[in-house]
Amino acid sequence: MPSLLVLIPLFGIILLNLPFRRLNEKYVFWFAVFLLSVQILFTISHHSLFWQQGMGYIDSFFKVDFAIDSLSFIMLLCIAIVSMVSLSVSRYTIPDPRERFKFINLLMIAAIGMNGIVITKDLFSLYVFLEITALSSVVLIAFQKDMNALEGAFKYLILSSIATIMMLFSIALILLVSPGTSFAVIAAALKESPNSAVIIFAMGIFICGLFIKGGLVPFHGWLPDAYTAAPSAVSILLAGIVTKVCGIYTAIRVIAFVFGFNEVIKSLFMFIGLFSILIGALAALGQKDLKRLLAYSSISQVGYIILGFGTGTALGMAGAVFHIFNHAVFKSLLFVNAAAVEKRIGSSDLDRMGGLSYRMPITGSTSVIGVLSTCGIPPLAGFWSKLVIIIALWQSGHYMYGTIAVLASILTLAYLLLMQRKAFFGKLPKELENLKDLKEVGPEFTLPSIILAMITISVGVFFPFVFDKFVVPIKSIFMQ
Amino acid sequence: MLTNVLLLPITVPTAAALLILMLPKKFRAAIDAISLFGSFLILLLSILLFKRNLSYSMPALGFGIEFSLRLYHFSGFIVLAAAFFVFLITLYSNAFLREKSYSKQFYVYLLLSLAFINGAVLSDNLVSMLFFWEGMLITLFGMIYIGGKRSFKTATKAFIIAGVGDLCLMLGVAICFYISGTLAISKLHIPISGIGGAAFILLMMGAIAKAGSMPFHTWIPDAAIDAPLPFMAIVPASFEKLLGIYFLSRISLDIFEMSPDSWASMTLMIIGSITIVFAVSMALIQKNYKRLLSYHAISQVGYMILGIGTLVPAGIVGGLFHMINNVMYKSCLFLTGGAVEKQAGTTDLEKLGGLKKYMPVTFICYVITAASISGVPPFNGFFSKELVCEGALERGFIFYLAAIIGAFLTAASFLKLGHAAFLDKSKNGKLPIKEAPIRMLIPMIAIAALCVLFGVWNSLPLKLFIQPILGQERLGGRDFSGMPHNSLLVVITIMVLLGALLNHRYGVKKHGSGLKAAEHIHHAPVLSYIFNKAENGYFDPYNIGLNISYGFSKVAFLFDRAIDWVYNVFIIKVSKVFTAAARSLNDGSYKSYIIWSLLATGAVVIFLIKSMIGA
Amino acid sequence: MTINIILLIAMTIATLWTVMGRSLLKATLGLAVTSVVISVLMFRLDSPMAAVFELSVCAGLITIIFVSAISLVKPLTHKEAIVVSKDRMKRFRYLPLLVILFGVIAGFFGIPNDFKPIYVALANDVRTVLWSLRQFDMFGQIVIIIAGALGVVVLFREKEKR
Amino acid sequence: MSPDTWHILSVFVAFVAVLFVCGIYSILVTRNLLRTVIGIEILIKGVTLLLIVVGYITNQTGLTQSLVITIIVIEVVVMVIAGGIALSMFRNIDSIDTRNLTKLKG
Amino acid sequence: MKNETLLLLTVSVPVVGAFIVPIVGRVSEKLRNLLALAFVSTSFICSLCLIPSALSGKVTSIAIAFPLGFNFVLTADCLAVFMAAVSSFISSVIVLYSFDYISHYPNRDEYYLMVVLFLGSMMGLVFSGNLIFLYIFWELTAIVSWRLIGFFREKHHVLMADKAFLVTVFGALAMLVGFLFIYQKTGSFDLLVIKENFKGVPVPDIAVLLILVGILSKSATLPFHTWLPDAGIAPSPVTALLHAAVLVKIGVYVFARLFISTFSLDAAWHVLIPIIAATSALVSAGAALVETDMKRVIAYSTVSQIAFIFLGFSVNAEIGIVGSLLYILMHGLAKGGLFLCAGIVEQNTKERDITKMGGLIATMPLTAVSFLACVFSVMGVPPFGGFFSKYMVFSGAVTSGQVGIAVTFLFGAVLTILYLLRLFNHIFLGESHGKIAKEESVLMVSSVMIFALVSLACGIYIKYPFLFAQFATKQMLGM
């Protein structure tokens, strides 16, 4: 059943690319929306069936079996939501129907890639789908073919190829000790073979490859350039879900289920997580460009996820996954608003903006919710996931990490308030006054931002129910 | 029923005050009638209550705070005196404030402060006494403020000085509670060693601030000009003295166990004598009728404090007797000043003169009261001053000398005032000055008569009012009424008075008019420099205090701006440095990203291998 | 075994030549030579299918793509080429040294002798693995080819308005 | 594990490392975009060679051959895309010099 | 049952109602104003009804268990009901005042939403028996105060709002870390459970320090106080509600709730906190004496008076604690009155610099009299309530043996008299600079009069608040 998730979009794309072009262009948008809503409904409706399942529903349609457990369900949900948002935003930012046709196809391929990553149980097919997602996002970034876009695309391509080469290198070395490449086989092989330097080298190389894809601090060079270079619809997709699925989800899946946890890896993850929180937040503080600021902010938030995961306790990992979901929601919310602002003003330079919430009230207020949720201010969702991570840190005895992580959210608040003040509050600058169409953006922007804001608020307010239904099953997975 | 009679002295004046407050301004006659009737009612009540011992207390609040009243001989005497003078002043101000716009407000404040003074005197719990004591701050501020357009500055000055005194009192009360655990005045017996000493100092500062002695006196001369005259007659002249000295004596007699040769009585005596000498010398050089009288009010307080400070029966009786005498002749002098101001239009001595012909009654009253304040024998002032001198002599010649100098200068200044105001030829043209209206004259005549009565037949006040306060065992069986026992002192006093008369004649001959009688003292080599400095407020503790607090607040403000600077500038600078450092990693070229990634991978791998193999 | 070493050395020489070659064309040719040598090596390590694939795709297709890309891109004028290569020359003088040094270290420290790789008894041949076990990867390859096609359409098509 | 298989493995690892160094060197040193792509190509060749050797040693040649085939297919597509990016960059600024690729910074 | 519903109503009515207000606002302005007042006064009335049961010693509480120890607990003991009654009364008068004040300015819906939400979160905070929900409502108030300070949307205003928001959130985060240290020791966030675990054992110093940072930043004491005067630029009812009467009291309430009723501080803290309070009192009093902007002077005076309250709480003498509780009541009333008068003056004369004002008593007699009444109450002049609270704080300081601190606070009280009188003279007395400003709206003046009269009533009928506060202290100290 889950493999349909991957197959149906593929056949749909092939079907669409057949000759009668005019017909397809009109319907491609609604076809994509249909597919993604199927995915959302599938994940929501089936959660009761699968949530409690351990390794999940084995589908034997393919020889290489798949595994859907609650962790992948949450990721599937995030992928569907963020792609839907990016789809609706692209409908407005790319006017020309021919371009939009190509764009939606690429978007669907990226979605296929991410779905593949999430449901695969084999290390090598993980590499294959990583490569698919990376490739389609490179093309998506370079979509507008101006110099910036190409620069961002090229950097992303080079860095991700380096990462994949590292992963292949480690797969090769692992094959020395394990007969097959699926997670279970490798895990068994690694468990009983002694901890020799080669295996540790392979593990190290693989983890660093994932860090590059995830954009954590020492490896994060490409991330801000790729996000700012991409067209606004793509930066939503990238920031919202691509880096997290390729980098963070794979790290969680591989470390937790294949390489296994030990103290050294935990402290490595914690250190890298904390380091990226601080550097990401500090770098974001001095930014002049709105999208670049949000890019650094997502590095910092990913740092929290890695920190949460690094505690190794079940609660910490559950908090990390919960934060992935929250971050996907409020980061794409902020990027949707950034896209709306850029569409209206034509540039995302913070100094030329000001007082936009007069003319664009909905964007203004939803971005306030996004800001507060990112900083972890109580009533909203961000607070709860950060709190769970912090409590996990405390329970596992890492007081110093916990204190620094909590106080780092002051930095988050600082640069986001800076952004909010420069962009939305304050006085409307002169040249924006007479801009004729500086009014509220169309429903393509306001609808997703309102929905995302509603999700953040409802998850925040009804946290206890959300916690019982979603986060506790995740804890049970990591329990073994 | 009897017990809550004790509440009446507080509730009746408040009710009257509220009633007047309700009435609109134009019912002038009704306001005058109500205030007169109200004060008369209170006078009757206090006469009724005078000789009884009553006590009344509401259920205790907690921490020793309870609203309990206790009428015994001393407080009954103070309530009676206060009621008597309020009645006279109300009668006087009915006429004096006839065309003034603020008369309604004045009566309200007058009656309220009467209620507060009754409350303070009657209450047996330090906190409820403090409650009423500090309540007078508001009426003090109100009464001075309504005096005129510019008078709010003096009102603020008075408020601040009295406020500081009351805050010290509040802290003293808190320390008393800390030491003894109870706040009932009758049960308090605190040794004055260590923290008890601090409590004594604070309570004494509160009492002296209320009484208006030296360090807290500077608002009274300014108020003399700015405030309405009936205010000067009633508050600085009588209320403040009554309440302040009442509490000072309660402190030194009941609350603290003070032996005569303890440091506490020494401080009291020093303050008393300093106040006498400095205040009266300032009075000598004044050119304004009311300012001169106000300085005398301050110097007379010195006598009382000196008297009580000696802790010798003679001194204490003298001090208390001097209190009641001073209240009498001081208020009467102010009333004469009021009459002069109302009829002659000004109280500036340069413009006044020759009022003897036009205002004979006022002149007579002035002469009687001036004589009694200077301590001329038959009048009451002479007897109380003798008792104080006797007490002072017992404790030390220096204090006696201060008293004598005070007597000399008081006599000189009043001779100067009388001569300049009444005897000199009239200088201003506004001639046909009529005598003050009858309703102003009656209080003056009554008080002047009392002065004579208390003087000639002084055993009445002593036996009736003063001596029972000390009780037999403190008096040591001696009766101070009648002629002063120590004839030597009497001779010296008379010699001093004659000296003052001669000095006055010499001054008048030397400088021509009566006004300049004291010029030769004023322009003496060293004294003139000190006088000029004192005149423009150089030694005024209020100004010194203000400068200190402004200086401190400027420093505090700088400190506050420094903290603000840290928030607004410093933190931003530091964050800029860190941001630049954090962003230095992204220098744009993908090559440096690759180098960074490979280096980091190397580091991770080495870290993993070393720690895993090692573990 | 010595033949393998000779082949490996040949491969290294070819790579060095591609990296240090002055003109771009020589670099692509060098790349083709290395891929030929690698496919020969693969034959020797009895994985024929991979060798054939490597030979046809890497040596053939990629070289063609590179040559066409180079032809589309205006080649540096001769003078610029010299300037570029001269300063590259400066930096190149370390390369051989670096390569040999790294090779020695990797060889010596690479695989610790206590390390024992496993030996799978019954290994199934390529065909069964590829088609039965790795079907999911085949599906992945289809998707990536389609993505490549779309990417080409997006990147290479001239923008109408220009 | 017999001593000679260890010997083969270490020799091949050494040479793969050499390939690796050449690839990285070629990416970092060149100023021409296409040379970087060639560098990436060299790295991929190194990894495929390693895979084949590992397959040979652990007698899983079937598995490694299929992996290698998939890798080669994917890498071809990546190379095409990289070439495409280089081409459109050339169309924009008539040069494929990597120094113009440094505007996005800070 | 009755108490439980009252308690729930007090908290939920304003919180839920806040979001209805703007919707109604679309329909009609009048209805929205009345609705806002209705929500605020319901919570006031409910907390009044809770008083009898609280006085009888019965602690009503609602508890809903949630995972990880974040269970939603509302406990209405004496202290909580006292704080609830005080803050809801002051808020209702301020909402009444803002009918006429805010009608001059745009985006009124947002204003009323935020004010009602503020009261809701204040009620939630006061009644919450769980550290996490205490923290949630604490941050909710921080958001509300951020939105309200930035009400006028100018660049400078938003900057100041951000500054206040950052400082308070920094403090809150430090406090959260403190809570986590306590959670580490006791394993749960519920105050009752914590109370058992910390029966004899003093709290770890690091936790106390961190929680103290949070409290000091929220109630604007020395090192973190600069955001309060800067927030003076907000509209007057906001500064009255937030910076005088209610928001700054949150910090003090949490200090009482944690350090007095839940666990005991060891001796060193009982000396250190009064010293901090003393420096803060003196520095802010000095600054108030020099400042020329009307609102900033009153804000500095709030900082100084808060230090007095801290003194009362931090000296472990029962009279001090009762004094501080009374002080919260009296200061809230008086300072609220002062800010509202400042609002009336500012709205009519459009002038904020006190050196350019004067002689307003002729044209605005009622405002002047109530301003003077509130000034006297803050100074602690008898017939007004402030006297008793100031005396008891002093007595508390003395009975705990710290006479030196008492003398410094005496100097602070003198400075208070100085700067408040200076403020009154500059605004109302002296010659007027040609600005003839009459009191337009009856509503605003009457609400200011309410504050003055209630302060006077608290002074005269001190018995009732005194007994209430004493009972609360006994309950807190577990006597």
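Quick notes on this one:
Order of writing sets the labels: A, B, C, D and E. Residues in every chain begin at 1.
Note that in this section a residue touches a chain if its C-beta (ideal position, glycine included) is under 8 Å from a C-beta of that chain, and two chains touch if they have at least 3 such contacts.
Note that the coordinates shown come from a computational prediction; the quantities given were computed from them, not determined experimentally.
Setting chain B aside while every other chain stays in place, the touching chains still form one piece. Between chain B and chain C, the least number of touching-chain steps is 2.
Common neighbours of chain C and chain D under the contact definition above: A. The interface with the largest number of contacting C-beta pairs joins chains C-D. Ranked by how close its C-alpha mean sits to the mean of all protein C-alpha atoms, the top chain is E. In terms of the distance between Cα centroids, chain A is separated most widely from B.
Each chain gets a centre from the mean of its Cα atoms; for chain B and chain D, those two points are 99 Å apart. The distance from the centre of chain A to the centre of chain B, with each centre set as the mean of the Cα atoms, comes to 78 Å. One finds 67 Å separating the Cα centroids of chain D and chain E. Separating the centre of chain B from that of chain E, both taken as means of CA atoms, is a distance of 37 Å.
The set of chain A residues that touch two or more partner chains comprises 124, 128, 131, 135, 138-139, 142, 145, 154-155, 158, 162, 176, 179, 197, 224-225, 286, 414. Of all residues in chain C, those touching 2 or more other chains are 111, 115, 117-118, 120, 133-134, 137, 140-141, 144, 147-148, 151, 154-155, listed in ascending order.
Annotation for chain B: residues 583, 586, 588, 590, 594, 598 touch two or more other chains. Touching chain pairs in this entry, ordered by label, are A-B, A-C, A-D, A-E, B-D, B-E, C-D.
Within the complex, the chain D residues that touch chain A are 9, 27, 33, 36, 40, 43-44, 47, 50-51, 54-55, 57-58, 60, 63-64, 67, 70-71, 74, 77-78, 81-82, 85, 88-89, 91-93, 100-106. Touching chain A in their complex are the following residues of chain B: 575-576, 578-583, 585-586, 588, 590, 592-594, 596-601, 604-605, 607-609, 611-613, 615. Taken in their complex, chain C has these residues touching chain D: 1, 4-5, 8, 11-12, 15-16, 18-19, 24, 27-28, 31, 34-35, 38, 41-42, 45-47, 49-50, 53-54, 57-58, 61-62, 65-66, 69-70, 72-74, 84, 88, 91-92, 95, 98-99, 102-108, 110-111, 113, 115-121, 123-130, 133-134, 137-138, 140-141, 144-145, 147-148, 151-152, 154-156, 158. Those residues of chain B lying in contact with chain D across their complex are 583, 586-591, 594-595, 598. Contact residues on chain C toward chain A in their complex (touch as defined above): 111-112, 114-115, 117-118, 120, 132-137, 139-144, 146-148, 150-151, 153-155, 159.
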